[in-house]
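Chain IDs A, B, C, D and E follow the sequence of writing; residue 1 opens each chain.
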Amino acid sequence: MSLLQVKDVNQYYGGSHILRNVNLSAELGKVTVVLGRNGVGKTTLLKSLMGLVPIKSGGITFDGKAIDKATPYERARAGIGFVPQGREIFARLTVQENLQMGLAYKPGGTPIPAELFELFPVLKQMLGRRGGDLSGGQQQQLAIARALAAGPKLLILDEPTEGIQPNIIKDIGKVIRMLADRGNMAIVLVEQYYDFAEELADQYVVMERGEVIASGPGSEMQAKNIRQLVAI
Amino acid sequence: MTPDLMEAGAQRYEKVAAAALQAQTESGGRSAGYGRVARAGEVDTTHGRILYLEDVHVSFDGFKAINGLNLDIAPGELRCIIGPNGAGKTTMMDIITGKTRPDSGTVFFGSTIDLLRYREPEIAALGIGRKFQKPTVFEQLSVFENLELALATDKRVGHSMVFSLTGEEKDRLAEVLSTIHLADSARRQAGLLSHGQKQWLEIGMLLMQDPKLLLLDEPVAGMTDEETARTAELFLSLKGKHSLMVVEHDMSFIRAISEKVTVLCDGSVLAEGTLDEVQADERVIEVYLGR
Amino acid sequence: ADTIKVGILHSLSGTMAISETVLKDVALMTIDEINAKGGVLGKKLEPVVVDPASNWPLFAEKAKQLIDQDKVAAVFGCWTSVSRKSVLPVFEEKNSLLFYPVQYEGEELSKNVFYTGAAPNQQAIPAVEYLMSKDGGSAKRWVLLGTDYVYPRTTNKILRAFLKSKGVKDEDIMEEYTPFGHSDYQTIIANIKKFASAGKKTAVVSTINGDSNVPFYKELGNAGLSAKDVPVVAFSVGEEELRGVDTKPLVGHLAAWNYFMSIKNPANAEFVKKWSAYAKAKNIAGHKDKPLTNDPMEATYIGINMWAQAVEKAKSTDTDKVIAAMAGQTFKAPGGFTSTMDKENHHLHKPVFIGEVKADGQFNVVWKTPGPVVADPWSDYIPENKGKKNVPEKK
Amino acid sequence: MNTAAISLPTPGPLLTRGAFSGVMVALLVVCALAPVLNLLVPADSVFHLSDYMVGLLGKIMCYAICALAMDLIWGYTGILSLGHGLFFALGGYVMGMYLMRQIGRDGNYQSDLPDFMVFLDWKELPWHWALSDSFIATLLLIVLVPGLVAFVFGYFAFRSRIKGVYFSIITQALTFAALLLFFRNETGMGGNNGFTDFKRILGLPIATQEMRMTLFVITGLTLLGFYVFARWLVASKFGRVLQAIRDAESRVMFCGYNPLPYKLTIWTISAVMCGIAGALYVPQVGIINPGEMSTAASIEIAVWTAVGGRATLVGPIVGAFIVNGAKSWLTVTFPEFWLYFLGVLFIAVTLWMPQGVVGLVKKFKKGGQA
Amino acid sequence: MRWLRSLLVLLCLIGAASAHALTPADALALAVGDSDDRIAAINRLAAEPDERTLALLQALGNGAVKVQGEQVLLIADDGSATDAVTGAPVTLADEAEDSMVNNRLRGALEAALSVRDLFGSDVPAQQAAAELLQKSAFEEPDAAQLPLVDKALANTALDAKARTSLERARAALQLASDDEAQRLAAAQALGGMGDPALKPLLAARLEAEQSATVKTALGDAMSALDRSLAISSGLSQAFTGISLGSILLLAALGLAITYGLMGVINMAHGELIMIGAYATWLVQAFFKSTLPDYFDWYLLAAMPVAFIASALVGAAMERSVIRFLYGRPLETLLATWGISLVLMQGVRSLFGAQNVGVENPSWMSGSVTLLGNLTLPWNRILIIAFAAAVLIGVTLLISKTRLGLFVRGVTQNRPIASCMGVNTARIDTYAFALGSGIAGLAGCALSQIGNVGPDLGQSYIVDSFMVVVLGGVGQLAGTVYAALGLGLLNKFLEGWAGAVLAKIAVLVFIIVFIQKRPQGIFAFKGREA
């Protein structure tokens, strides 16, 4: 059974129907990529997964339990890590404190995993700087590191490559791959950068106007010409 | 902006103003030299430069964000700027648009306008438009109104009280609306747009403003490949009429539009040249592109 | 109608509620009492209580409302002089009646107002005379300290003139004002100390009003200025104001009033008993546990009773008839004297008491006038006032 | 692409034609009907409008002008002023000075000088009273004094880019300082008592029904005029720039607008409106004193606006009527409990009517249609 | 002082005569009659008091004497009465009158009793008596007092402190001596004391003095005095400024959390302070009624109670209203304004509109005197210390603990903090309760210097906001600087402009200062600002 199971989720903003019967699943050791043009509802879907917006109908199960009524912090504690679109780091907290926020539900005194600094060396240099003063790309790295700090079972990333320099994108790609390959983490990745997405995808989902219009194993993406699907 | 910087800026302003005064008296009371600067919208590009930065320095609490930066852009040029995260690209734009005051250095628009003497709205009025890294639009206003406000017209109070759109302006608005694919959303509140739509709207506002120099900070971030391509097309069409400075990390986008690329690193220029040249540069590969 | 409406116009909220709320309650008690005796002209009195919320324009509006909408026969209310000044034009225009129960600065006489509190000569002058006497400590230098508004200003103006007439030189008088609600008296107390250290016996005359008194007295106590060194006599500090202060360091400081709760006579004993019982019965916060009476409460009590008597005498609630009937009314006041309404000037003849603060927050009367004093609203110590008639203008 | 289809700017969220006209008609009716009900209908008739009610309505209309002014600066421009009471009071004081001079020798001391000056032993009028005996000058000063104070203060504050609460707090400091200044008797504005006991205006007795009615109607028409003016203002591009400043000031600057003159213009207009309201208020309530400059008084103006609904123009007027009407009624009906009602009203409005009363009406309407 | 002259007579009798028993006539002469006669009686009887006379004199000083007919009664603390002459218990009748004691009589009593103390064995009483003598020598030197002083100084068992006082008194008394050497010595001795009470004395002497050497010595003494006065008045100004600053700081600290960090424009902050003050009052009342022996320590119990009371009210506010309003700061202004009205009226309904009395515990009463003229009241000193302690506590809590980190994180970005696994609702409640509790602590402290009434909070709310904003919103350090700066500035200006103008000047200063630093003293420096 999949770690995360999204079934027939519907969601509205005011009167407009944003998500229409969306289905999605994520498995340990696999990267699920969600693709789609601007404004089709990818971020909304992820926010629904985190509990930041309520869903109108449908069900979300995580680790065998229904979580669609749970608050965001309960979901986080259940093991979901989230890298939001637009970074959303704590601008007035230092880099170190931002990372400590990532450890919020761990017992006090839990150290920041040293591994994070290997992945993102720039963070180590800037531990004492306020998050808000970092450059865009540095903030993005911080946001990813923060989500990883507590060692989640499911990692949700909303356009993590946005604004990141190419070599670090590559690094991020490697990190994602590596995390997935360890086998104890499921990853849901929303991405516009098609090449990056295709390379990482174990499964893909394409959305259009709030609906899933295509999905399948990552290996078939080229064959099914998914790039065209997103471009139309 | 920090008060110290404002303070420094104000001091510099005074110095320059004093110099201007001196220049006037020296030329026997005839208006000369700086006399022309005050007239907005008249950019002197006879020296082949629309933007000129020399030995600019900025530091934040001791951290040197911009460190001896030299850069110039020709009229009609489309310049791409790349560089690692934190290289100082956004900060450079902050300096050009008056948001941040440099600690030292010169920043000229054309060969006569010392940008350090102006505040943000004056700089915008001079003909420099900017798109922010994080899209900023007027969230409570409709898409239409956002564009209307950006429209290049007399922007003083009296005029805006009696303003109404001419037919020509309406056409221009409609054109831009379709260019940015938001014609269907013209009446929607801008705050309700998705991230990518806001990006487009901001570009649209820039088009409405019709500036001489466009500063674009990661314009295709969060766009699909197809939209990226469309943006590239748009920028190419602007080239020539306008000067553009584009900051991006998307190499394929850069490739699609670039003629000359500048690589910033640690607050100064690391390399400059065609994309192929800089891509071949060992140092650029080391700090930016990766192997 | 089978009832006679009377208005009660005291702030129940805002800054003045501290002082005024209890006047509303004592007015209601008095009305109950009159009604229990059969009312006035055979009709029961019906109180109409409104809350002008310590907002001066609102006083005028509420006065209009009481007169216009509720058609009250008379209004009992106001505390600060500014609230009285605000409603005065209303009462004059509508030719209605106001009973004002608080000591004030004088220099006013309206045909439509009866002043049941003290005029300056019924409070301030005797107090200063006492401090000049041997028993009062033979004070030679004076600090006139007040809240910056018309009552303290006028009172001090009169006092300055009075002191001058007694040969006190200008350099022996220090005048200081603080804003309403001033709460930090460190500097002022230090200045007083400095002023007092010049050698001659110094006394402070305080016209500090309202909330500021508590911080003032607390600072006074802590700075170690005892009544023996520098006595302070206050005109706006009574039992109710001292409720909020630890009086132990203040023993011996003085206040001048026309009534103290501690005055011993049967009329007062009954008044205090009645009030205590009423406060308990009506569950009046604060007073149900520690009932206190004070001068403005007595003045309110006298005012309502006298009005009732005058209405009986006039056989009508008509304003002009009642005004005529008020002249010369007498009432056996809790203060222990028979208070008389002056035949002409709308002020009561009142006895003056000077009390020293006791450790329990009551006052120990150390001096009193032999009998009631006639009010002199236009003080003769002010040269321009010479020849002012102490009679309201008939319009 | 059809240009005509998109050429109409979207109307502001709550500024509908219906509500606008409704309020306009209501105001006209009040102005026309009140004199009839007050002067012609006999006093014992149920339709009679008592002097008290006339005064009350007149007063609330003055407040409504303030609320409208607050809406322009707060609702539309996003600048919360906690000092509008000052401008109201300044207008009131200018009018008060004139009315004091009109008393002539009928005061307590039968002097040419206002009573409080006699009492302070002053022998001649201080300089700032120079123009107070001219009605024309007074009318000018009612506009100029609050306008100039606002302009100078605003110029420096906006030039320094003081924003948000920083601005709110210094407006509060400003009015508080003015309050203390006016409390001082030396300032020559009557100290704590301020001005009262007015007798005449333009030589005519002030305490007559006819004069009251005249002032009432002038107030009603002024409110109406400002209302129409405000509507025109916010519907113009000027109004949209204001809203843009409210949402993203830095973006406005990068669009080439200098926010300073925009903010300064609306700020000064708003202050002048308050000043005029104050000038109309004083002869109607018969007193002006520094209490109007208290910090609470200024906050209340913001409260009326919020209760009615910000950035709606209709809302502030409705809010001023609801809050002040409730206050007048409750202070009599529940003198000991009215603060509970008022407090709960404010809490309820914020919790359940984030758009104010007008927003609620709007929601019901929508709900009804859906 | 007239009474001193009669004391001389008294002095000669001390130890000589045997005590004479109190008669009913004596008792009556002490308790009623004209002040002059009573003072005479006091001095006559105090010379050789027996036990009963002494008891009566002391009771008179404490205001515990009543007269019932011709009988003089002593009233015990429990209200029971005994006959002053016989000591027999008496039932108190209603018409018993207080024996009136005014300031003058009280002074005479104290002096009469104090001379005995000077020769007694009770050290504090001895010191007090010596001080009294010193004071009178400074104020109204009378050479006739010299023998008394000398005699007391001759007592070898005299307490050291009392001896100093007496020596000073002697110097003052000798200043007008006929012997030039004595005058010189006296002038030199007095010069070093720095007591302002000496100034008129020295000035008068300087005018009358003939001898040049003494004149110089007097001149030196005068300037030494002026110097020390200038120093102490400067120090006292600084102290009052710091004291005012500490009060502003206490009032503002809670707001620095609820508003500075959480962004709630909490207009009910003043009322939370008020609740703390009322809680203190209730604790005091409880101690008074149930634990009178420990009354002095009620304040220690009141602190946690005040904190908890305000914190609970704050938590209730947060749970019921504020939590729906995060991110809408202006709405919080309106709602908390409403809450403040309700709280104020609630307190009025519960406890009455009038002020309630909060007493200082004895260890907070009185003052320490430094440098002659510099009197620092204990309650002010302790409040400064308390403010510092609260400040340190809050700073550590916010910057060093996890709770502090969560509070800062949650207040910056609520949804993302919750995605990190922080129970934001709970943190919000804690944070708001914490800020409210600190307001309660402020109320507890303020109850010691000002009035406690329903309007208490109103007088602090404006100042609190000014302090927080001037310091820079969200900047705890800025709040400290702003509070102390405003306190010092205000007191400095008040020194030469008076209270009203000083306050106006401070407000104008705030306005001008914000022009220079539009984000407060400690502007948040950063690109997001």
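Here is the rule we use: contacts are C-beta pairs under 8 Å (C-beta built on N, C-alpha and C of every residue); 3 or more make two chains touch, one makes a residue touch a chain.
Composition by chain, UniProt nomenclature: A = Urea ABC transporter ATP-binding subunit UrtE; B = Urea ABC transporter ATP-binding protein UrtD; D = Urea ABC transporter permease subunit UrtC; E = Urea ABC transporter permease subunit UrtB.
Note that this is a predicted model, so its numbers are computed, not measured.
Fewest steps needed to get from chain A to chain D, stepping only to touching chains, is 2. Chains C-E form the pair with the most C-beta pairs in contact. The chain closest to the protein's centre is D, with centres computed as averages of CA atoms. Separation between the centroids of chain A and chain C, computed from CA atoms only, is 74 Å.
Rounded to a whole number, the gap between the C-alpha centres of chain D and chain E is 45 angstrom. Remark: chain B and chain E have CA centroids separated by 63 Å (rounded to whole angstrom).
In whole angstrom, the spacing between the mean C-alpha positions of chain C and chain D is 36. In chain C, the residues that touch at least two other chains are 12-13, 148, 179.
Touching of two or more other chains is recorded for residues 60 of chain B. Taken residue by residue, chain D touches two or more other chains at 180, 183-184, 336, 339, whereas all remaining positions touch fewer. Within the complex formed with chain D, the chain E residues making contact are 265, 267, 321, 324-325, 328-335, 337-342, 344-346, 349, 458, 462, 465-466, 469-470, 473, 500-501, 503-504, 507-508, 510-511, 514-516, 518-520. Within the complex formed with chain E, the chain C residues making contact are 12-15, 17-22, 134-137, 148, 176-179, 181-184, 186-188, 190, 193-194, 197-199, 211, 213-215, 218-219, 221-224, 227-228, 231, 240-246, 248-249, 251-252, 264, 284-287, 356, 358-359, 361, 364-366.
The touching residues of chain D, when paired with chain B in their complex, are 1-3, 6-7, 9-10, 233, 236-238, 240-241, 243-244, 246-248, 250-259, 261-262, 265. Chain A makes touch with chain B in their complex at residues 13, 37-39, 43, 85-86, 122, 129, 133-138, 140-141, 159, 162-171, 192-194, 227, 230-232. The touching residues of chain D, when paired with chain C in their complex, are 50-52, 55-56, 59, 108-109, 116, 118-120, 180, 183-185, 191-194, 196-198, 207, 285-287, 289, 291-292, 328, 331-332, 335-336, 338-339.
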